[in-house]
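Structure first, commentary second.
Which chain is which? They are A, B, C and D, in the order written, and residues in each are numbered from 1.
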Amino acid sequence: MITNMMIQSILPQLIIAFGLVLSMLLIAWQRSQRMIQFLTLIIFIIALVANVPIFTIDAIQVTSLLKVDSYSAFTFMLIGLSGVVVTLLSGKYLRTQTEVHDEYYLLLQLVILGASILVVSDHFASLFLGFELLSIALVGLVGYIREDKYSVETGFKYLILSATASSFMLLGIAFIYSQTGDLSFVYHTGLVSGDLPQASVVLLVGSLLFFIGIAFKLSLVPFHFWTPDVYQGSSTPVTMILATISKVAMFTVLMKYWFSWLSYSEAGLFDHDIFMKLLSIIAMLSMVFGNSLALMQTNIKRLLGYSSIAHMGYILIILMVTSSQSINFAWQSALFYLAAYVLASLSIFTVLIVYSSQNSLAINKSSSTDDDITISDWNGLFWRNKTLACLVILSVLSLAGIPLTMGFIGKFYLLTVATQGELWWLIGALIIGSGIGLFYYLRIIFALFNTETSESSVSENNWKIELPVTNHLFIVVLAVVGLFFGIFPDMVTRLIGSL
Amino acid sequence: MELILTYLPFYPLISFLILISFGKRLSWQLASFFSVGAMALSAISSGVLVYHLTHIDASVITVHLWEWFNLSTGDSASEILSGVNSTVNISFYLDALSAVMISVVSGIGFLIHLFAAVYMKEDENFSRFMAYMNLFIVAMLILVLADNLVLLYLGWEGVGLCSFLLIGFWYQDKANVKAARKAFIVTRIGDTAMAIGLFMLFKTLGQLNIADLTQTAQQTWEVGNESAYWIALLLLGGAVGKSAQLPLQTWLPDAMAGPTPVSALIHAATMVTAGVYLIARMHGIFLLAPEVMQYVAWLGASTLLLAAFAALAQTDIKRVLAYSTMSQIGYMMLALGAGAWSTGVFHLMTHAFFKALLFLTAGAVILALHHQQDLFKMGGLLKKLPVESALFIIGLICLVALPGTSGFFSKEAIIGSLWSSSTAGPALWWCAILGALLTSIYSCRLFFLAFLGESRFQTSLHVEDSKLLRLSLIILAILSLFGGLISIDFDTVFPVSLSAHQDPSWLHTVAILTPFVGIAFSWFYFSSYRKNQGDNITASSSSLVIFCRNGLGFDWLYQWCLIKPYCALARLNRRDMFDQLIMFNAWYVKMLHETLSASQTGNLRWYAAAIGLGLVGLFTVIMVGVGSI
Amino acid sequence: MMLTIVMLGLLAAGGLAWYFESVKAQSARWISLFSVLGLATFFAVSIISSGSDYSQLNVLVRVPWISAFNIEYALAIDYLSIILMSLTFFLALICILVSWQEIQTKAGFYYFNLLAAIAGIIGVFCAVDLFLFFFFWEVMLLPMTAIIAIWGHEKRHFAAIKFFIFTQVSSLLMLVAIIAMAYLHYDQTGLISFFYQDWLLLDIPLDMARYLMFGFFIAFAVKLPSVPVHSWLPDAHTQAPTAGSVLLAGVLLKTGAYGLIRFVIFLFPEASQEFAPIAMTLGVVSILYGAKMAFAQQDSKRLVAYSSISHMGFVMLALFAFNTLAYQGAVITLVAHGISSAALFALAGMIYNRIHSRNLKDMGGFWHSAPRMGGFALAFAGAAFGLPGLANFVGEFLSLAGAFQIAPVFVIFAAFGLIGSAIYGMMLFQTSFQGPPTTVVNDLSSRELLIVGSLFILLVFFGLYPNAVLQYVQGVQL
Amino acid sequence: MTAIPLAHVLMLASILFAIGFMGVIVRKNTLFMLMSLEVMLNAVGVAFIGAGSYWQQADGQVMFILILTLAAAEVAVGLALLIRLQHKYQSLDIDKLNSMQG
């Protein structure tokens, strides 16, 4: 029985799907990059507007496939906003190319659709749909710019590995299904097979396989290998998608699954403790390894790839919540952390895009963009353009979890969860990881102030970077938002707290 | 009277401030006027104060300036009960003992300032020199006037600092710099012991006011009390450092690197006797620890002998005098150890007179010889510098304590007090006699080498014909000769010694005769020095003599036991082992980074395999987990 | 309100300085100077005119900040914070004067950072909501790190990173302890609270208190710094520009001591008592090790940095003696060391400006050409080795005399530090100012004379009349 | 006809899956890698069908159809990339693609 309420609750997804069709029609009618970009933007904004009322509703089950609640509304907001930013910046980025790239926006919309389905899915089938929509579209995007020297390599790596990972995930789902006879996340009594002597072991293995699929997308150790290469090889807006939309959607669905799964363990069918240990090991490894990997990295995009490994390790702490009472708080923490992480990533990738487009304009590079920005390219950026540099500083500090930024409040949430759960080992790893992380974060910041080498290497006329007003405004907005929520996080925490 | 006492240290302080702020801009006249004038004011004030103290009424004058800090532990109830006054004040306390000290400090100080004004006239940093001298007087006056041990400590460190500054006055010479550092650090070791003593005093008695704590200690502690023992021992440590007694005596000979007036003022007359003053001042505690008094006596005796032997072998005129100072302070310590407080202080005073005279005269000689200090390059000065020689002879006869001189009175009194003292005894008496003998021998050696025989130098003499200079020397000479007649009444300060025992009658005779024996011995033994012809005498280079000349090997011992290990330790650990331990973590992370980076080969098949490996790994974890449950 | 105005004022002044420097060169320093002067006066006037008794914490502001965690913007001051804030203001002025000529590049941004750091430090001294405290604690680090990293010497990046990582890692431990405390409060009262005075009412089980105290202790011990977690300090001090060193040594280290007093000793009295032997051992080791290391250094600023470690060892020893007298000693040592180490760093900076080297081997005989400088150098070295009459002596004396009541053995060992300090103090002074003259240096300019003169006068003032500070901390019961 | 035990189906699926995965790891030729991926996906399909028949539900088959779609989409993208690879490197050797490291 489909009610109005249900329609309303999945309205954002419907809007995007409808918009997708509309976009294709538009392409058939007239190929114009500007128009399709505008349409995409409109679609995202409408979807975001449609998303607003969902914040206030209670959790609502839309068929057995989807479950919409305010948490998913919040993550959808994050995804949608990231989509908007990506759309805006893609315009900048693609305009430096010669061809008309309307498929790009289609793929982008597909990614957002996949992600938005993921966050509301409550069933393995819908999860699978969303997951694959996201992955396949991303593969398309990752290898999108054909002229780029890395595009084939990146595309292949992402394709093969993500397909492998999704096969793992599917096998896991099949194992789980074979034991529970139910593809929905929530446990329904009496459905467990008595056939197998060690039902819980198969369940465990199935869960493990399923988790590997997600862990791959979240680039957790030891499934992180693809991250730096794909981050580096993709065009920057796509990397931005990988870093924000994909991560947010994946983590949300993992949380949904995991907290529903608590019901299995409460029924004694699933050995939560072992899995918990497994997760802690993965989390600790990710924190330490991710940060260590980034330590001496000079390529900024690779570095951010490594740092995302660590961040996903940090946020995994939230899954260690055992009692169902604290699930609410765990959700809040996760949402805040994700919000902070998304904002920081968006900011720093924005700078990357603006910087490289500015740079390529200045140096008059032809079609192929050179995205291999290293830290030393940013030497003295602070003296060349304060706004850009300030945004970098803010976002890097946020990633490092230093006060004045949302990242700090996010870390505070995480530590609160960990302290409440008395997860001392994880706290230890988090502190060590942050300590290591500071090293490369500070390296970036110091480079911004470095005056020694940059002045000589860059000729005088393009020493100062002048930004177009729109870019400038955009960057200022990002910085102000980041700073404002960093100092007065109350608005966000209240919003999250009310969910 | 209080007012005069209050202002006493401020005259030199003001002079110091003027001199230090204007520096080289002051002419010689002005600089001398300020510094010597301030000293004259101090000297006059001291005179008035002493007169007042002895002839009018009070046995004690105190003046309270302001509260420095409060040592109360906040637990006021118990403090009121115990009646402890724990404030540490900037207050002055003048009794007979400090009166002697201020008159010595400001009186002799004045004379030496007068001398120095002439002596240092040519130095380009004249005003800085006089400023330091003035500052020294300030610190010394505070030291002797302090009514509590913390203020005393202030003066104590202050004089140490000035001594440091003045030894290193000619700072461009590395040797002087080293000597200054040595003096400061060695005395600092003693000071630290003293500081611990203060902490202990405060812990046990709850106060640091000298008069009060002496009273409290004597009321609450039995003789032989353990706390008193330790406190006295620690205070002795301070005194030993400042007064250059064993085992912290090594700095004094090197301190002669400073200008001669400095040696006279600081390293002969005043500062080095601060240790004696401290023990005399704290006699109340020492009386409760007779064992420590014995230590004091024995330390004094051994220093006395050691320094005398060392003096015998010196070639530098000032170093002879330095060892002689050390030796004479040994006498004072001996007296203190024997409980003859007043004789110790008396000797302090007479010694200040004649040793200042000796140093200043030596300074005049050195100046005349163009800064030649080597005894073996002097000789025959008696004829060439008759006035100086006469003055020097006066100083020497006081030093060897020929009857009638001031040194005679004080030294005989010390020797006389030893035999029957409960904390000294015949053995120490013999030490003192031996010391007296040695004193006369090295004095004669000094005299013969420098003043008799043929002159062993070529240069013409540079004669400073200054009346002021002569005047100060002559006043000192008069004081040295007749200072023994000054009688001081210490009854209000020290307990009256009970000399119930009757000493054997031959003791006095022996004591009086000893110097003559020494002189006679020298007359023959050093005859070559006395009547040498030309330059055929040189310093002996036998190993024993060199051993004595080097202060009996203490420097060498400390060099190897303390300084070298400390420097080696510092050098070894220059890079800070804790830092390296911590930075080792950084290295470890870097290794991890490199290992992990190597795993990022960019090879797709390896990445896929890694997923498989990860799966296997996690699978193992799960299986182990399941198996273990 | 008053403190908020002060902090915002400092930030605003920093912003103005930054802006106006680009409009008119050399304006930043004047703006900073006058704004700090003005705000300091404002601070002093409001403290005096309020006429209240600050022997207990006076809560000045308390407004909700992050309601989800019941975090408040709460500021409170007592005499301890007022003393340290006054020191901060004074040294802020010194810092500006010290930077007057030294900082020529990017001066606007420099003064912004300087003032921001000072605002953060003021915040640390008055925050009583622990989250807010942590916030300020971190915020003051950022501009400080920037000062080291941008205007520092040759190895500035390394030093800045080291400084930042040390403090950050240790303060994360503190953050965990803070959160744990807040939830302890929740367990006991059903309400999360980060408010200091709420915490004082808690009944903390000893076995928990041990760990919590340790979390706080680590952070403050790093900041203090205490051996064995001191090694950021020599690097940071050496590489920082003069004003950076002055600020670091003068005030930043004091935040560690302040934290120890307020958040370790008063919050966990029993656990700290229990921990005292270890802490005192650390204190003594710091004293001796710092003195020894100082002696081994060739770099003048590094030498002073190690001497700071030694001095802060006295503070640690005194604080954990749990004795009123030692407590007073610790407070006066804080003030005295703030002034004296600032003075030594200022001097080292002045020498550096003249000969462009910090190596003691390049120095010697400066007295010949710069007697005034030599005189002050001697005075400040004297302060460092505890010359009576200067403020440090009072601090050391009270600390040791107080601690001796409790732990004589520790104090006897600590007293060896007095010898060690004399050794390095003498070495510092003699190798730079005595010996044969190497280079001719200019004597102090009038601006420099103002700096060292005012520092010296304060040292003497507090040395002879320490009651100016002590009267405010006398009644404290530990 | 006795039903095949679920355990056997799962085992078969696992073995097939492992074979496919090994194929992905060991084959250098990109085309074979894509084929191995197909094997993996089909192994999953077997598992789903087996489980669906065990539970007597259509869900398993539905999932299988979805998987088939996925496989098709993946191969489509994969082949497109393959052509580009051939075009660019004149080879299908996957090991040539390692320009990004470290």
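The working rule: contacts are C-beta pairs under 8 Å (C-beta built on N, C-alpha and C of every residue); 3 or more make two chains touch, one makes a residue touch a chain.
What you see is a predicted model, and the numbers here were worked out from it, not measured in a lab.
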{"item": "A-D against B-D, pair bridged by the larger set of C-beta contacts", "value": "A-D"}
{"item": "Innermost chain, taking as reference the mean of every protein Cα atom displayed", "value": "C"}
{"item": "Approximate Å spacing (C-alpha centroids) for the pair subunit C, subunit D", "value": "64"}
{"item": "Mean-CA-position distance for subunit D and subunit A (Å)", "value": "26"}
{"item": "CA centroid of subunit B to CA centroid of subunit D, Å", "value": "94"}
{"item": "Separation of mean Cα positions, subunit B and subunit A [Å, integer]", "value": "76"}
{"item": "Multi-partner residues of subunit D (each touching 2 or more other chains)", "value": "21, 24, 94, 97-100, 102"}
{"item": "Of all residues in subunit A, the ones touching two or more other chains", "value": "156-157, 160, 164, 228-229, 439"}
{"item": "Subunit C, residues touching no fewer than two other chains", "value": "none"}
{"item": "Residue ranges of subunit B touching subunit A (in the complex, touch as defined)", "value": "589-590, 592-593, 596-597, 599-600, 602, 604, 606-608, 610-611, 613-615, 617-619, 621-622, 625-626, 629"}
{"item": "Contacting residues of subunit C [partner subunit A, same complex]", "value": "64-69, 105-106, 131, 134-135, 138-139, 142, 145-146, 149-150, 157, 160-161, 164-165, 168-169, 172-173, 175-176, 179-180, 183"}
{"item": "Of subunit A, residues touching subunit D in the complex", "value": "124-125, 128-129, 132, 136, 139-140, 143, 146, 149-157, 159-160, 163-164, 166-167, 170-171, 173-175, 177-178, 181, 183, 193, 195-196, 202, 228-229, 232-233, 297, 302"}
{"item": "Subunit B residues touching subunit C - in the complex, by the definition given at the top", "value": "20, 23, 66-75, 90, 128, 150, 153-154, 156-158, 161, 164-165, 168, 171-174, 177, 180-181, 184-185, 188-189, 191-192, 195-196, 198-200, 202-203, 566, 569-571, 573-574, 576, 578-579, 581-583"}
{"item": "Parts of subunit C lying in touch with subunit B, wherever the complex brings them together", "value": "227-231, 234, 289, 292-293, 295-297, 323-325, 328, 365, 367-368, 371-372, 375, 378, 382, 387-389, 393-394, 397-398, 400-402, 404-405, 408, 411-412, 415-416, 418-419, 422-423, 426-427, 430, 433-437, 464-467, 470, 474-477"}
